[in-house]
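What follows is a short report on a single structure.
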Amino acid sequence: MSRFLAGRFGESALAVLGVVTIVFVVTRLLGDPAILMLPVGATPEQLASFRAELGIDRPLFTQYVDFLWDAARGDFGRSFQHNRAAFEVVLERMPATLQLAGSAIALGLIIGGGAGLIAAMNRGGVIEVFVMLLALLGQATPVFWLGLLLILFFAVDLGWFPTGGGGSFRHLVLPAVTLATFTSASIARLLRSSVIDVLREDYVRTARAKGLMPRTVVVWHIARNALIPVATMVGILAGELLGGSVVTETVFAWPGVGRVIVQAIEVKDFPVVQAGIMLIAITFVSINFVVDLLYGVLDPRIRLR
Amino acid sequence: MGARGFFRALAASKAGMIGAGLVALFVLLCAAAPLLPVPEPTQSNLRARLMPPTLSWDAIGAHPLGTDNIGRDMLSRILYGGQLTLAIGAAAVVLGGFVGVLLGILAGFRGGITDRILMRLVDIQLAFPLMLLALIVAAALGPSVRNLIIVLALTSWTRYARIVRGQTLALREREFVQSARAIAASPWRIMTRHILPNVMTPALVVATLELARVIILEAALSFLGLGVQPPWPSWGRMLAEGRTYMASAWWIAAFPGLAIMLTVLSVNLLGDWLRDYFDPKLR
Amino acid sequence: MSALLDVRGLRVRFDTPGGTVHAVNDVSYTLADGETLGVVGESGSGKSVHVLAMLGLIPRPPGRIEAGEVIFAGRDLLRLSEAELRDVRGGEIGIIFQDPMTALNPVLTVGRQIAEPLMRHRGLSRARAWARAAELLELVGIADPGRRLAQYPHQFSGGMRQRVMIAIAIACDPKLLIADEPTTALDVTVQAQILRLVRDLKARMGMSVIWITHDMGVVAGIADAVQVMYGGRIVERGPVRAIFKDPRNAYTWGLLRALPDHGRRSHRRLHQIEGQPPDLTLPPEGDPFAPRNPFATPRCFTETPPLVPAADAAPGHLVAAWYDLPRLLAEREGAR
Amino acid sequence: MSSRIARRAAVALAAALWLLPAGLAGAQAQGQAQPRALTIAFAANVNTLDPHNTATIGTDMSVISHLYTPLLERGPDLKLRPMLATAWRMVDPTTWRFTLREGVTFANGEKLDAAAVKWNIERVRNPQVNARIRPWFRLVKDVNVVSATELEITTSEPFPALADQLSMFYLLPPQWAAQNNPATAVMPSGPYELKELRPGDRIVLGARAGYWGAQPAFGTVTFRIVPEVASRIAALMAGEVDLITNVPPSEFRRINATGRAQAGSVDSTRTFFIRYNNLKPPFQNNRNLRLALNYAVDKQAIVETIFGGQGRVANCGIMTPAYFGFDPAIQPIPYDPARARQLLREAGITGPITIDFDIPTGVYLLSQEVTQAVVAQLEEVGVRVRMNEMEFGAFMNRYLRTRELSPMGYLSLAWPTLDGEGLLSFYETGNIYAYWEDETYTNLLRQSRRTAEPEARQRLLQQAARRLCDEAPSLFLFTQPATFGTSNRVQWQARGDDWVRAWDFAPR
Amino acid sequence: MTAPAIAQGPAPLLAVENLKRHYVTRGFLGRGSYTVKAVDGISFAIARGETFGLVGESGSGKSTTGRLVLRLEEPSAGRVRFDGADITALPQSALKPVRRRMQIVFQDPYAALNPRMTVGDFVAEPLIVHGLAPARSEREDRVAALFRKVGLDPRFAGRYPHQFSGGQRQRVGIARAIALEPDLIVADEPITALDVSIQAQIVNLFQDLQEEHGLAYLFIAHDLSMVRYLCRRVAVMWRGRIVELGPTDAIFEDARHPYTRSLLSSVPIPDPDQERGRQPLPFDPDALRHAPDQPMVEVGAGHFVLA
């Protein structure tokens, strides 16, 4: 067990290191923060001295070694723009991001899971066509378009929810629904095909041959097994939602990590870009680590082998 | 499953038929845009901007889908925009597919250290928030069709690689591959003649689903300002540019949005049907 | 002996993209109380499909029961509602499937899977059901049932899993046990154990058994009566000895002759049945076996033979053939 | 692995995900519920509350202006007015004297007197502090505390715009600042204090008892960050915010139709133009080409259609009437495609040419519409343009760092002190922004810098502006309208620069 | 050590000496690692033209043995001699000439053919790989001849595997195996997956080919009656070891090892008179332990038992 954990942890750390190294190299190609940060009219000398202050005039390799050394000690540098620890800038946005991504996943599992199950159990019927068409539409709708439509209808016309911003549960509803549209559509489609696979399994026939009630068969013999591939999907979706909800965050003025990184990319605030992507990568590999463990819960074959 | 059987099965499936028919229709329409009596997609007339859709042909210049915010014909832009959108999507899918299939086969067939390295690469790619990756690449290299294709392909190769690797691992143990080894066929021959043809089917299914995903992603990147360069349109860019006018001039965003939705929908239908068609368990 | 099961004119179709598969064609037979019927046939003969169909266990669509009645203990199973049929399945009729590796739910404990039918049909509480499940495990010869109940199927060997399947099937003391090729996936030594177990259980519980298999050897050991199926039809049926010693259908005869002689080593060339099994999407006119039958008469190709009592044969020996096999064989012998 | 632990972990994870929203729901949203509250939507994030580490007027500085006190302030009429300094005068071309208000303190009791001002200026000038606004004080030589209320600043050369520059300089409490990080913490001397800071979401200010000036009309001021323009409009229409800026004129009618808000505009001090790279062909030494493109673009149509008639065509230059040195006599270059074609021929361009055009994205109102319209019009006279949209940082990098600006670049300029010399210096030879070398122009500008007498100075600046028009080193487009939308709850004294301040609003 | 003795028939075509194949398996969550001894020190020899039967139940290591002989898997220890030459240590590249002379026929006719290759191409592939029929027309002729030889219509060469029934597919697999005119064919349960009515066809085909070409077979099976019918000598495998080896009649009539006896007694006999009342001999696998280096004992002429 501990050896497995250690190995798995090593792999994860390697992935994070790889991500951050790429980020480090690429951010250095982005451009010059000094130009963007000093007020217009700054002289070339002032720009140069500012670059020296930031430490971005040194050779790339030196910067990288220092960066690794600092990162190893938990120091991700000072944000050029916010003038405080970059990690702090990113970390304080993390709850909002987790909240949004978590709600989207939860909603996706409930709505998408239900829809997928219903569709699969009504194979070939009108319900299946209808549900799957909805799911396809959910995947085919560009997220910002959907978001703006929801704002116009539910916030402006009906006034049920705020147009954006963070804070209360009401603020969460529209962005979560927007994100969950895609998530539930994906989950619905996967679960449907997964259920259809399971329906062909001999043990489902066994369950029916035992004369069990349909509810028992669906819940314990079909859904339990069909959820196993969904776990992997949720891990990957979680990753996409962590960094990929930038668009939703922008539309709904949601103060998440994605936006702070996007903004840092715009002003070349390297430490924030690095810390942010590192944080997301770490969160992603942690979630997938949990998903791996969850596999053990869902599937005793893995747990006890 | 020869070509005839394929088309017969396609004709028998309503969803597959609708998907394939719509995809074919869109591709044809967009490809035929230069032959159709529409203005140039970049020709603008500021005085005729934001004209609503009309079926009347005696309106100024006749714009059946209206005009956009600087007075360009929406119909023309949808058709030409489709060219770019579909071409970018196809290019990204082919590029991502090529890399993914190649690496997937290599990883699966060679196993060992090759496999571990490639799978770590996949991990890294997956741990990289792709929207941010796209932003960084675009900010570093500047937005262009080429860079867009590279970014989209980057987000897509892992999906091929994972599936193809899995298939290859299974195929490697299949008896016809063993049999090829038993006749002393070279690894190259085994990979190209025995494994590649058998992973092309799942790869093709992934490709259709990826095409749909990539079209949506292009729209999102356009929203973040990383789309294709103006003035040549793509659907994603048109949708992103039109979002401000969604409530005041709905047609600017609605038509490209509809085009994206219908295309993605039909490509997905086609992909789903392909998956069912090739699923040995359903045959 | 009274009839427990009376199958009349059962006809099952599958609608596939490649055409309609005529899987079961006008199958009729009766099963007496306490009788063990061996159903023999090769893949696609309809031997499994017809029993699954009568219990409502074929997927519909694409499957469809076109005609027939299945009278079980006085009721027509095909006319029962799904809810009524559920009461029959697992309660009055227990079923064992072919592949014990896939027939058990991998994510549920064995105990739960045995307890399920008890809770469902007998209304036992969870605790009582588990207690009964432990008894059942012991009954099917699994040691240390208390510990084993909490384990998952993958912790059991193939033979042990099939014992679990049997425990599930007999949990509610069924009147009829259907065994659908239960030993095909097992090694011969395990097969022998399972065969003995079922024989013992049958002796103890007195149920009727339908044993579906393609192995003539298995049938020889377990069945009272044998029913040979080909192309979705019953081609011959009779007491076990009659079938083995005095086959009247050319297919049955060929099947027996295609096996190497047992008990001694011989170098005679194996008798082979030429050709391929029929394509059931295009069922041939007449006797489905006719194209492969060296004894086929012209009539075999045009008209389907009915299943009728064989001439000069044991009571209950039925055959579907237009030809008189013993006479033809004798002629052939004479010609040699 | 123990399944029980894993199962529990899964349950805990699920619970945590759902508890999060519940936890945050405790923090109730402020807004229109409270009386006399003002909510302002910003497009960009507020990055720091340290007045010396930001030069962004539209967001950071606007928030800071509610918290700290400057020496003087520019009112909505764009005129300077006293704040801490009650009076100021130029003693000689290089010496300024300020008289300060008495008894002004910070919330912690620290005095805001001449010594504190000196400390502030020195903090900024100290290279160790690395203050973002250090370039502003380049010319300052010395600061003398004459008395607690009397301050003297000497400069190394004449600095006529010093007072204007100081209107953007907010003062920190010296002792407090030594122990706290002013980036995130506040010790106010202004009319408001910090109530809540939610990074990336909102900043909530409350009126401060003990402010030396008049109590503000609004008890609470909330700044909300809403990056997406369509969402900002939606927020205004939903009645969630009282002010949004940069509203596309096409949406005016929709906003006005709600009855809850109205949209409008004032002329801004920001002029848009296309910067030619005059250091390279084809624009280098090719005045005809530069002029030809100026004639080829129908600026009036752009203003009338894209901006819905708001704003105005640029007067063949980059100054607006708000600037010192503006010359009303200079007229816009008219739209004349025939003349443009003729000039192209005179410029020696007979065949088709393709010119690259760099466009920064995401910063300028309607920039996509404007540039695409311009490009379409240039194509009409036979100039093909290859558009390179890029993110603003990349654009600035090419513009200033790598100096690889394409022949054309879309740009706007404004100078916060509204002094023409500052604005025009962007075309001065040697300025990294210039991409133009013109001796006549540069000499005029330098001469104005040595001239303290306002009228003579104004004359020189007008001559420079005239030269700029004649040589056409850019394609001058229009003065952007400062568009905005306000809720019907408030009245805003709209202004042409970027400042957003609660006291420019009146409740209705 | 009797291994060489067992492996040395009169100039054997194939001699296997003390062959081993061990796998190290790691548990999912790193729960220790354990070694699976799939094949654990077996020896036998096959003469030219002989049919040698290898029987055992699932997991006994009989299929692994077949793959080891062909070097489709690498042995952990021991050696394989083919026609006198030790091929155990040959690099894969040097195996090519050996592979021409040893071929394999698989159990599952559905998995044994490449679904994306026409059966004609599939049969022709060995010819191409070994450059035996460079000209296309020549190759087509040879493929047609092979098709006829295994009882398939050469006109079907352009079809894909899914258009064939199980028995026909097995014929395709056999055609491919004999394309190189090998001396030895490893037949890995070649009839197990076939319907009874087809099994006899394939078995007869095997016999015909042997008569015609003098082939030797390593016939791997769990169907004892067919082994008895086909093979001159038989080896019984159990848990990676050969527990009994000898002439077929000796094994079937005078089995010495308890496992062999139990196995034989378990085979159902398709005759109700004999089958009724027959009791399979019980066999307790846990009671039986063989020491790792336990030798086989000769109990009759060529009849060895692992005591």
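Note that the chains take the letters A, B, C, D and E in the order they are written out, and that residue 1 is the start of every chain.
One rule holds for everything that comes next: a residue touches a chain if its C-beta (ideal position, glycine included) is under 8 Å from a C-beta of that chain, and two chains touch if they have at least 3 such contacts.
These numbers come from a predicted model, not from an experiment.
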- Intersection of the contact lists for chain A and chain E: B, C
- Taking each chain's centre as the mean of its Cα atoms, which chain lies farthest from chain E? D
- Query: Which one of the chains is farthest from chain C, going by Cα centres?
  - Reply: D
- When the C-alpha atoms of chain A and chain C are each averaged to a single point, how far apart are the two points in Å? 53
- Item | Centre distance in Å when chain D and chain E are each reduced to the mean of their C-alpha atoms | 84
- Note on the structure: Chain centres from averaged Cα atoms put chain A and chain B apart, in whole Å, by 22
- So, what's the distance in Å between the C-alpha centres of chain E and chain C? 32
- What residues in chain B touch two or more of the other chains? 139-140, 243, 246-247
- For chain E, which residues are shared contacts with two or more other chains? 29
- Message: Going by the contact rule already set, what residues in chain C reach two or more other chains?
- Response: none
- Item | Residue ranges of chain B in contact with chain D within the complex | 42-44, 46-47, 49-50, 69-71, 138-140, 142-143, 225-226, 229-231, 241, 243-249
- Query: Tell me, which parts of chain B touch chain A in their complex?
  - Reply: 15, 120-121, 123-124, 126-132, 135-137, 139-141, 212-213, 216, 219-220, 223-224, 236, 239-240, 243, 246-247, 253, 257, 260-265, 268-269, 272, 275, 281
- Which residues of chain C touch chain A in their complex? 52, 55, 57, 59, 61, 85-91, 95, 97, 99, 102-108, 116-117, 120-121, 152, 154-155, 165, 168
- Query: For chain B, which residues are in contact with chain E within the complex?
  - Reply: 1-2, 174-176, 178-186, 189, 193-194, 197-198, 200
- Item | For the chain A and chain C complex, residues of the former touching the latter | 124, 199, 201-203, 205-213, 216, 220-221, 224-225, 228, 298-301, 304-305
